[in-house]
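So, here come the structures, one by one.
Here chain A shows up in two complexes: once beside chain B, once beside chain C.
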Partner chain A sequence: MLEINGLRARAGGTDILQGLDLTMGPGEVHAVMGPNGSGKSTLANVLSGRPSVEVTGGSVLYKGKNLLDLSPEERACEGVFLAFQYPVEIPGVSNMYFMKSALNAVRKHRGESQLDAMDFLQLVREKMKLVEMDEALMNRSVNEGFSGGEKKRNEILQMAVLEPSLAILDETDSGLDIDALRIAAEGVNALRRPDRSVLVITHYQRLLDYIVPDYVHVLAGGRIVRSGGKDLALELEEKGYGWITDGASA
Partner chain B sequence: MSEALERITKQEYQYGFVTDIEQDTLPPGLDEGVVRFISAKKEEPEWLLAWRLKAYERWVAMKDDSPTWAMVDYPEIDYQAISYYSAPKPKKQLESLDEVDPDLLDTYKKLGISLDEQKRLQNVAVDAVFDSVSVATTFKKELNKHGIIFCSFSEAVREHGDLVQKWLGSVVPQGDNYFAALNSAVFSDGSFVYIPKGVRCPMELSTYFRINAENTGQFERTLIVADEGSYVSYLEGCTAPQRDENQLHAAVVELVALGDAEIKYSTVQNWYPGDADGKGGIFNFVTKRGACRGARSKISWTQVETGSAVTWKYPSCILQGDDSVGEFYSVALTNNCQQADTGTKMIHIGKNTKSTIISKGISAGRGQNTYRGLVKISPKATGARNYSQCDSLLLGDQCGAHTFPYLEVKNDDATVEHEATTSKIGEDQLFYCQQRGISEEDAISMIVNGFCKEVLRELPMEFAVEAQNLLGVSLEGAVG
Partner chain C sequence: MNPVEHWQERFAGIEPGAPWLAARRQKALDAFVEAGIPSTRVEEWRYTNPARIAKTAWEPAPVGPELDRAALEQISYPVFACSVFVFVNGRYAPALSTPPALGGHLGVSSLAADPSDENLEGRLASVGEAATPFANLNTAFFEDGAHVRIATGKHIEEPLHLVFVNAPGDDPIAAHPRVLIEAEPGSQATVIEDHVSLGAGSSFTNAVTEIVVGENAEVEWIKVQREDPTALHVSEMRARVARDGRLTAHTLSFGTALTRNDGRVRLDGAGAACAMNGLFVAGGDQLVDNHTWVDHAEPHGTSSELYKGILDGRARGVFNGRVVVRPDAQKSDASQQNRNLLLSRDAEIATQPQLEIRADDVKCSHGSTVGQLDQDSLFYLRSRGVPLDEARDLLMRGFVSEITRGLSVEALAERIDDLVVERLGMARDIPEEAR
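On to the complex of A and B.
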């Protein structure tokens, strides 16, 4: 599914990723944890193609293709989805219209027919049940005035609508109350299929109780410094990062 | 900025063609003789000739008073180099639409305006003005049934002279300003609307202005009178061929709303803007003003300004009647070298008068966009309220946005609120859309469209679609 080799990236004049390796097989869930500022969001940004992040080395293969050659919208159409750590507000553009445009863009890319307003409404209502989102939010401007939790739920809803093959969740759990956390996790689990992979960026073990990862990685200083099974997350929760990162910088 | 932004903002003007048709055109130059010629050509009554001549006198006296306060920069206009009258040569006297010159019908068809009543959207009547004259008005019979008058200005002068004489210049006097004086002297045609007492006009009325001839100015005049308790929605659209020379368009629009009457006036202005280097394009110097004469009357201006090299335009409301309401909704987009200085004046005179101003300026390329507005509350306007909101959106970093809100409040009881924002189309917003699969071009359209939503939703449906296409966007809000 995804093969990252020696990835280096810089933003705002600083080198952030410094030789990152990560391989994800189809159907797998990988969790990435790591201290603040270690480069987790930067990794998500590189994978989704944010223009302000410059790739300075390494390679990324996605479904056998060179991911870095594709524009952000091509990546999205090919099934890469990023649930943003900070979802963006778009005043005056209704959430419904936005999602319909997104889905139709992706469908067009796949050579599928365009959904009209009625078809889409039906589809989105189905998906909304999954994340227990209030329909009123569909008719408001994208993320405008949404509470922190509503924004995160809206990201999960978009993921459910777009059905990506590689979903990257950047701290989707932060800002969610306990119920919302469970609901969001169920949304992710419902998406799981043998041909879909999930990369979960989180600070907390709690989310991983719901979305059980196959692998857990620790990102520090722009590299993966330790990988393990789901127990690694428990260990981190207990001991913090010091015991790993100290060793890494030594 | 981005490539997509460049592509969008550098789209070619679609209406730049020229109609090859025989025209009667007056040689360039302006003197009293020209004024008399136009009046004679139109077989006008004595009073109107006198009115024009007075305007001409005023204009001559204002020789050096061409306004200079606006934030626009353009070469001095040589008024003697302009022709003040040009009309397609009629092949014969017109009895019905079937006899309109096919070349003209074709021209309007290319512009997306069908003058064929059968094919036309059922609920829009059209008056088509080609250079100096009106060439066709549709749905007249249907409108006549309701006692509604909708015809070319020339016809109104012939058939409804008393009404025209009563209201002409009652809102924009001949000497109001330099361009209004010029227009009053040489106006050639335009539209006239009268809605009788208590009548709700059953269809949208619209005038489609087209400049075709070279080196001519277009000086049309629109007069709309809504009698007590009546309602009308009026639309105006404009295009012009692509030429290297600048052309002058100096129109005057007067609206009168009597007690409990409502006029909704919408404009989609798409005159040729000039090329990417600022060569050619229309100078759009327009005086638009409405008077809410009666109690509880309402005038609402909605404009989407995407064309013209230079725009100088302040659709205004004089709120005389108690509880009368004025509204101004505006989108002005300037791209390449376009300049717009536009806004409104809300003059509160009656008690409990209310006004709303929503202005959205979009600047791209090297475009300069200025909002200039005046809210004046006179001493008697107890309980008056105004809300103004002026938002600017910058696409790229070579363009500019400027806001000049003026306030004159002479009554302590009034409530005046003003909000202004300036934002840049953000990398974050674009990336968010793209990450969802939406192309950069569509994302820009979507964001711009969202920015203008409060204004676009004021437009009648047919125009909203045209306006959104003009802004290079797909239809927003189809759902929800």
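On to the complex of A and C.
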């Protein structure tokens, strides 16, 4: 599914990723954990193609294709999805219209027919149950005036609508209370499939109680410094990052 | 021949109408001649050079071509053709019009049909002073126009749609459309003033609209200007709002070579209110200039202005908003906002608020912003699969929605959204030699 080799990237004039390696198979859930500033969000941004992040070395293969050659919209059409840490508010653009445009763009790429407003409404209503979202939010401007929990649920809803092959969750848990966290996590779990991989990026172990990963990686100083099973997350929770990262930053 | 002499000579050829009107035309021409064509040294014309208009020897627009309903619907909107009043090259076209079947509640008539109408004598050219020399030129030269009267206490549900079709020929032509809207006390109506072109060619539209809002009456006036991208367009709207009356004016301008709109509203009675909303879109080498002037003459008046602009290519935009609060106009509340989106490095906007507050117990605010399409929003949309061009269009539609939401005619609001995207595309496609 995803093969990252020696990835290096800069953002804001600073080298952030410094030779990152990570391989994910289909259907696997990987968690990337790490202290603030370790490069977690930069990894998410590189994978989704944010223009402000510059890749300076290494390679990323996604389903055998060079992911770094693709524009953000091509990546989305190929099945890469990023749930944003800070979903953007877009005044004046209705959430419904936005999601319909997105789905139809992706369907067009897949050679599928375009959905009209009625078909889309039916589809989105079905998916909204998954994240317990109020239909009123569909008729509001994208994320405008949404609470923190509503924004994150809106992200998971988009994921459910677009049905990606690789979902990247960038600190989806940050700023959520336990109920909102549970709803978001259950939404993600419902979308788990043998051919869909999930990369969960988080600072805290808490989210991993709900989305149980197959593998846990610790990111420090722009590289994966340790990998393990889900127990590694519990160990991090107990001991903090210091015992791993002290050696890594050297 | 200098431009002023040119107009003086053409004046001899017009049909002056009733003696009172002939006198008024002469007076307007005299005022035009005396003032001459302003130079860019005059503050009001600092960014928009009137010489660009004056350098052409405009001929009075000839009688336009025969236009059938289908051809009209190609260039105008059939969707709200409830009661349509059509003018081709400034002259009423009865065959294309469907006057409202509302008896005495709403009267619409051609100004030329009965220019001797004694009713008009005290009313036409009676709202305020001409703000620009071009408004005087309109009074001297207008051939026809619409006179709209809404009877006391009557609410007209369906919008009245005035369409001004500009059909240029081989010579450069000038048309001077004229509108007078009178809302009697307690009445309510929506009037759409739609300026469109039939074919390309050198043309100059010089429109004047006067609006009288009676006590506790409510008028929504929507001007849509979407003539050919190479056209020149100057317009002036002057309104007087009586006690507790409300005027909502929308000035929507879609890229012509030169557009200059002057909007002047006098809040003339206690508790009078006006909202002036504007949208302007220009690309290529186009220029669009909006000057507004709100005069708080009486206490407890409210005015709010929101003008939003999108400029692409080497387009230039101007927003000049003047608010005057007179010494007696205590408890006035005035707000003014101008927000602009520049899509290219070479596009420019000059925005200038001018507040003249001569009362001490008032609330006034103003602000302006200039920005680009938000990069985070663009990335967000693209990360969901929306192609870059479509993502830009979506953000532009989002930007203008604040204006289109305010239109009471929903079918029009939807078309305006499309027009923004369409017209920016058209401005990009104008061949070099036509600029």
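Assume the second predicted complex is superposed on the first by the 249 of 250 C-alpha atoms of A that agree within 3 Å, B and C clash if a C-alpha of one lies under 4 Å from a C-alpha of the other, contacts with A are read in each partner's own complex, and residues count from 1 in each chain.
Basically, a contact is a pair of C-beta atoms (placed from the backbone, for glycine too) under 8 Å apart; a residue touches a chain by one contact, two chains touch by 3 or more.
Keep in mind that this is a model prediction, so the values were computed, not measured.
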Next on the checklist: Following the superposition defined at the top, how do chain B and chain C come out on chain A, clash or fit?
Outcome noted: clash
Next on the checklist: Can you tell me whether chain B or chain C touches more residues on chain A?
Outcome noted: B
Checklist entry - In the superposed arrangement, which partner chain does A:192 touch: chain B (first), chain C (second), both, or neither? => result neither
Checklist entry - If you stack the two complexes on chain A, which partner ends up touching A:138: first (chain B), second (chain C), both, or neither? => result first
Checklist entry - So, does A:162 touch the first partner chain B, the second partner chain C, both, or neither? => result both
Checklist entry - Taking the superposition as given, does A:203 touch the first partner, chain B, the second, chain C, both, or neither? => result neither
Next on the checklist: Looking at A:73, would you say it contacts chain B, chain C, both, or neither? Reply first, second, both or neither.
Outcome noted: both
Checklist entry - Shared contact residues on chain A for chain B and chain C? => result 48-52, 71-73, 75-77, 81-82, 84, 87-88, 90-93, 97-99, 101-103, 105-106, 109, 141, 158, 162
Checklist entry - Quick one: in the complex, what on chain B touches chain A? => result 426-429, 431-440, 442, 446-447, 449-454, 474, 476-480
Item to check | chain A to chain B touching residues, read off their complex | outcome: 48-52, 71-73, 75-77, 81-82, 84, 87-103, 105-106, 109, 117, 120-121, 138-139, 141, 158, 162
Next on the checklist: Going by the contact rule set out above, which residues of chain A touch chain C in the complex?
Outcome noted: 48-52, 71-73, 75-77, 81-82, 84, 87-88, 90-93, 97-99, 101-103, 105-106, 109, 141-142, 158, 162
Item to check | Parts of chain C lying in touch with chain A, wherever the complex brings them together | outcome: 374-377, 379-388, 390-391, 394-395, 397-402
